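Both of the next two complexes hold subunit A, though its partner changes from subunit B to subunit C.
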Partner chain A sequence: MVESTYCKESKISKVAIIDDKKDDVETEELWIEDAGLEPVYLEGPFKTLHDLITSFSKSGADSAICDHRLGSYYAQFDGAAAAATLFKNKIPAILVTQFLDIDRDTSIRRWRKNIPALFPRDEGNVDTICKAFMDTVKELSGDVSEYRRPQRALIRIQEINSEGGTEVIDALIPQWNPKKAVRFPIDLINNKLYEYIKIGTRFIANVNTGALNSSDLFFSDFELAPAPDNDI
Partner chain B sequence: MISEETKLIILDVGHGNSSILIDDNSSIVIDAPLGPHLIDALRQLKITEIESVLISHADADHLGGMIGLLLASDINIKKVFLNPDASKDTDIWYDFRTAVSVARKKYNTSIHTELTTGLTGNIDLNNVRVQVLWPTPEIALAGAKGFDLNNRPLNSNAISAVIRFLYNERPFALLTGDVEYVGLQNLIEEHENIESEILIFPHHGGLPRGADPTKFTHELCSYVNPSIIIFSIGRGKHNTPRQEILKAIKEKLPKAHIICTQLSEHCATEIPVDEIEHLSNLPAKGRSLNCCCGGTIILTFTESGISVSPSPEKHLEFITDYAPSALCK
Partner chain C sequence: MSADYLKFSPEILARLGEELIPHPDQGLIELVRNSYDADATNCTIELKNTGKEGGTISISDDGIGMSESAISSGWLLIGRSQKTSHKRTDLGRLQVGDKGLGRLAALRMGTQVALTTRPKDEKGIEYALSIDWAKYDKVDFVEKVPITITKSKTSTDTGTDILLQNLRIPLGRREIDRIARQLVLLANPFDDTTGFRPCLVAPGFKDLERKVRERYFSQAHFHLKATVNDKGYAEAQVLDWKNKQLWSANHKALSKSKYKTIPAEFDLWTFLLLAKNFSDRTASVQEVKDWLKVTGGVHLYYRGLRVRPYGDSGHDWLEMNLARTRSPEERPATYNSIGRVVVDDIYGRMIQKTDRIGFIESETFTELKRFCKDALEWMASERLKDAEKRRRIYREQSTVLTNKARKEVSKLIENIVPQKQRPAIIDAFQKYEKAITKKEKSLEEDLQLYRSLATAGTTYAVFAHESAKPVTRIKQATDSLEIRIKHAVEKEDYSNFEKPIKILRNATDSLRSYASFPLYLLKKEKRIVGDIDVHKVLNDIIGLFEPFMSSEKIDVEQEYTDATPYIHGTIALLEAIFANLLTNAINAFTSPNSQNKNRKVLLRTEISGELLLIKVIDNGQGIKMNIDEIWLPGKTTTPGGTGFGLTIVKDAVADLSGKAYALAKGELGGAEFTIELPLLRH
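For the complex of A and B:
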């Protein structure tokens, strides 16, 4: 058993596992036990996120690790939604997935604001999960890292596309990187603003412009940017 | 607010420029490049109101961060000064104009489309006089695609604003933006004296357009005669500071203290493995990659003189250990 400094500092002890695949659950149990923590598996099925919260409360766990793609026989929502909902309920929850490259711009980005830490499954180990829990616990305590601090930012729509059945926007965030487009699901924008969504439209939203990688960006609180007057 | 001392903070923003002048609970920001470090520094310093933001010229590495600053609801900017640049008919210029529109209407920020010598005396702080040494109004009217009165071609860098601060009537800092040869010639022709104790070297120590870098540096050093020269650079970006410029400085001003915000690849091929300990606690772009040299540099002014943080001694210790081929030695 490796006692990670991060796990000690995060002060968590019992980790709920939210995952529908037996092999992955076993791996997660090993990571958790190796970190000196106690795993507890949450048996589904979960029709709603409320069901999940109820089950979590009964488990005695103080934290959670969620797989992202959950089979519909196990849950009617994905792991990102689960992790974000737990986080919003002040529970340190982290996300793991083998589909990070595929889902990061859509089903994960949708919830990314409330997922301080996630990692690809092939990078999973004791240190990874303990660091992830540490980062999550810190953010819950109000210590938000420079990479996660939201700022009001201008967003310039470059294209509107579809990815895996989800309508997405490809945009530039000049304050983050004026030369690298970022994709996010259209439903992050309030549907009252949909009529304004077209190429060239500018919005203002909360974005963590200190993020180092585009996969870590999250968006919230969109408003339409006014067109500038001809005064400059 | 933050401090009753007078300080000039040269932020490590990587390749770009950004400075914060603080005097008697008031502040001025000069240039705002892309990235969160300026806003983070302002928040860490608990600056919720800025008297003036001066934008030297419209390149993204001096202006791009204004978008976020203008949109920030927790930092009130009273006035922004800049010269419009019609050559910048770009998306980011439009983005900036959009942010200006928001700030003007939502936060009552006053936008002034002039940053010229005519403003000298109008943007002073309590203990600090602010001089705009360049451009003159007639040059600003020519614009970045025009010509000076000697028919020399201008560009965005040539009309980059040059700002000097005086503390108790003593010129202590000259911020030169990206000014290059034509700008320097006009500056020298316009003013008898452009001396200053501290020089923020133009264009991050990159090649000055239209001039031999050695001659340009010799001329600049002669006229400014600084004792401290600061380069605001990004490691690995654009080959700055140029080695010939450092050589020219040492020829002309052998006793000047030279310091860069980040560790140039010319000074050390490897980034230090150990944590760099001499840095201030203010945000510095190079910190996350451990490639700071001076990092964010803090100059504090008192009646008895200027103190620099990191101190020249700490800086020397660092470069002795980690940058044996440092260009500034």
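For the complex of A and C:
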């Protein structure tokens, strides 16, 4: 199989697969086997994230790959929630999705802070998953890359919209890119600040302003920015 | 130890004057605004010999003039931020105020300035001063040049005259037209409540003024009237041309939350610019179009005077044109509407930018915009409901009406036409019916095609990701196959597997690039309005088309301007334009009659003033159709073509406030398309 430096360094050996679609599971098994690792499929259904953690513990796996869109017959949560929860439990978990461009700003962004590695399905191969595991293992050990390091940043609301039933905000983060608005779900903001949410409002939040692509940005810990001095 | 003070080099005069406010019209308008603040009813700008250097401009008003202390602590004091007072003048005006930077820019248009002013409170007295800017070149700091204010007796009425002498740069036709338009629109030509009438003594001004004051408001098909009060609650109504209320809305119908802005009134008059819609009007559609060319757009009146750039040509600050791209039906655009937003802002909550182009985007301003946009959205929604209702009724009634009309014609023929002539009349009528039926059938077919295309699009949008999956799986399985074979066989035996694996890989790469095409175009962020780097979009589209171009042996050349042009709009609209033009070029080379061996498409960008020109030029067969018809839907010479590509280009360009042109035989001998788009102001 492939001698991947990344997989060797990450020291993982058995990967749990969390995915509801047989075809996709087969492809994921190919990647994992070709990387010299052992795949183990986690059979659902999972009612809660706690159920998932329990199943994972019993599987003997030391890492996980999660598909994002999970049918409700398999899990009552999505793959991003699963990957983030596993990560918060110190398990290297990576996320793969066919629908990155659709779900990036809503259901994935919601959990992105705890998902160090994510890739679109059509980029999946041995190298991709091994690098993803390595990045995740590094972050778990405290070695956070410059692209993932959160900074306090100013955020200015440009638009409030609705996307697929989720209320979202389009905002400018001047420290990241003063011209390109980034979308995120409104529920990332503490509901105590909801009364201030309107076009033009400025917040300060933790944002990984070193990210290269908008799909890698995550947001947390919002507070209202103090009003600017109008006396010019 | 010695005392000193802050000093200003004379170069600061240029920095704060003509460099901060580079357009001469902007500076002159500031002088006119000063006249407004001085309660003038008339203000005249006269241009003399301004077509070359050395001309003069005089600005005269009949306002309250200035006393010596007003000159000293006001007119000569540059940079003080006058807190715009909520006290009204004798004529009830709220002053628009100014830090004097616009005035400075105007005064420095010439090498000398002469001011004479006769204050209202000192009848028969005139104060005068002159400034020679050349004197400032000889000193180290500004304060070293004394300015003497002289006092004399006069019999001239109160007012102020400013003479700018020996202009440094000439004013061309374009600048004069711009000054003229700004002046005419400056003091709310929609009504005469301010009592302020600025005018320009220059050829063509009277005509322009007459055009603006013509006032075709009563010919508008829809009049939106919306207000927001001091508590942030709004209401709106739409009236027809007879002032009858069609629809009304309370605050809840417009917004879930209060508007955190100042009291405002928003009026928008929308015209349906087709001749058939003017059959019962007193004005013609051409008269209204000509009027809208000068006055169209939504203007913002602050304390009685218009503030640029709101309502300037190409400045769609309420994004009406872009809202049309999301839902083109029943929405106004800047070319068929005229509107005004009127605010008094008694407490000065809105602050103009230092260069006087627009307001600082504070919460007050953005909430004002939101109020206007919500009102527009509500009106569009009501119009759409109404249009649907009309369509339904028409569909239900059309067959009945057609049959009824046929029976009436038959009856008339029977009753009026003599027996001998009847067969000829019946025959002619039947031929006419046949022709109409044929035309209807053709329209039906177009509609079916349009619906099919739209369905293909909407279906693909839903299944785009799923349909790309099998191709991805083939690719990934091929990769895995390669790894496993390499692991299982000796190196020299692997060569037997190389060729079929390579074929598999090449085929899946081609399939993936074709499959990714629609997914690429459908990405939702491309429909978000913003500042767009045109070259980047062009390069991305060229990259996307590369497999098609390669397979057809079409050489794509790019000649871009050195600048990085930005426009305001959506990536989706730009891609719609470029993708359709490139498709057009590919079709030109792949049509049955195409003979070209050295196939070439040239993409060129150029900056022309405030416009970006994008040219798509090929060396194909050229355009064989009537050049005016190429933009019409359903018109095509491509076998199997839909005839919608160039229609989409034309519509997308219009939505970006641009223009599209075509040459049947261009620079390279084939078709040449030019797209003109307004550059983003910085």
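The working rule: the second predicted complex is superposed on the first by the 228 of 232 C-alpha atoms of A that agree within 3 Å, B and C clash if a C-alpha of one lies under 4 Å from a C-alpha of the other, contacts with A are read in each partner's own complex, and residues count from 1 in each chain.
The criterion applied here is as follows: contacts are C-beta pairs under 8 Å (C-beta built on N, C-alpha and C of every residue); 3 or more make two chains touch, one makes a residue touch a chain.
Source: prediction; values computed, not measured.
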Simultaneous placement of subunit C and subunit B on subunit A, clash or fit: clash
Which superposed partner A:Arg149 touches (first subunit B, second subunit C, both, neither): first
Subunit B versus subunit C as contact partner of A:Gln98, first or second or both or neither: second
Which superposed partner A:Leu224 touches (first subunit B, second subunit C, both, neither): neither
Partner chain(s) touched by A:Val25 [first = subunit B, second = subunit C, both, neither]: neither
Touched partner set for A:Val126, first subunit B, second subunit C, both or neither: second
Clash with subunit C (superposed arrangement) - responsible stretch of subunit B out of 6-14, 114-122 or 150-158: 150-158
Residues on subunit A lying within both footprints (that of subunit B and that of subunit C): 231-232
Subunit A residues within the subunit C interface of the complex: 1-2, 23, 27, 30-31, 34, 98-99, 101-102, 121-122, 124-126, 159, 163, 170, 179-181, 183, 198-201, 214, 230-232
Interfacial residue positions of subunit B with respect to subunit A in the complex: 34-36, 39-40, 60, 64-65, 67-68, 71-73, 84, 91-92, 94-95, 97-102, 105, 111, 113, 283, 288
Touch list for subunit C against partner subunit A, complex: 81, 257, 260, 351, 354, 360-363, 365-367, 369-370, 465-466, 468-469, 472-473, 475-477, 479-480, 483-484, 487, 512, 519, 523-525, 528, 530-531
Touching residues (chain side subunit A, partner subunit B) in the complex: 146, 149, 151-154, 156, 172, 174-178, 202, 204, 209-210, 212, 225-229, 231-232
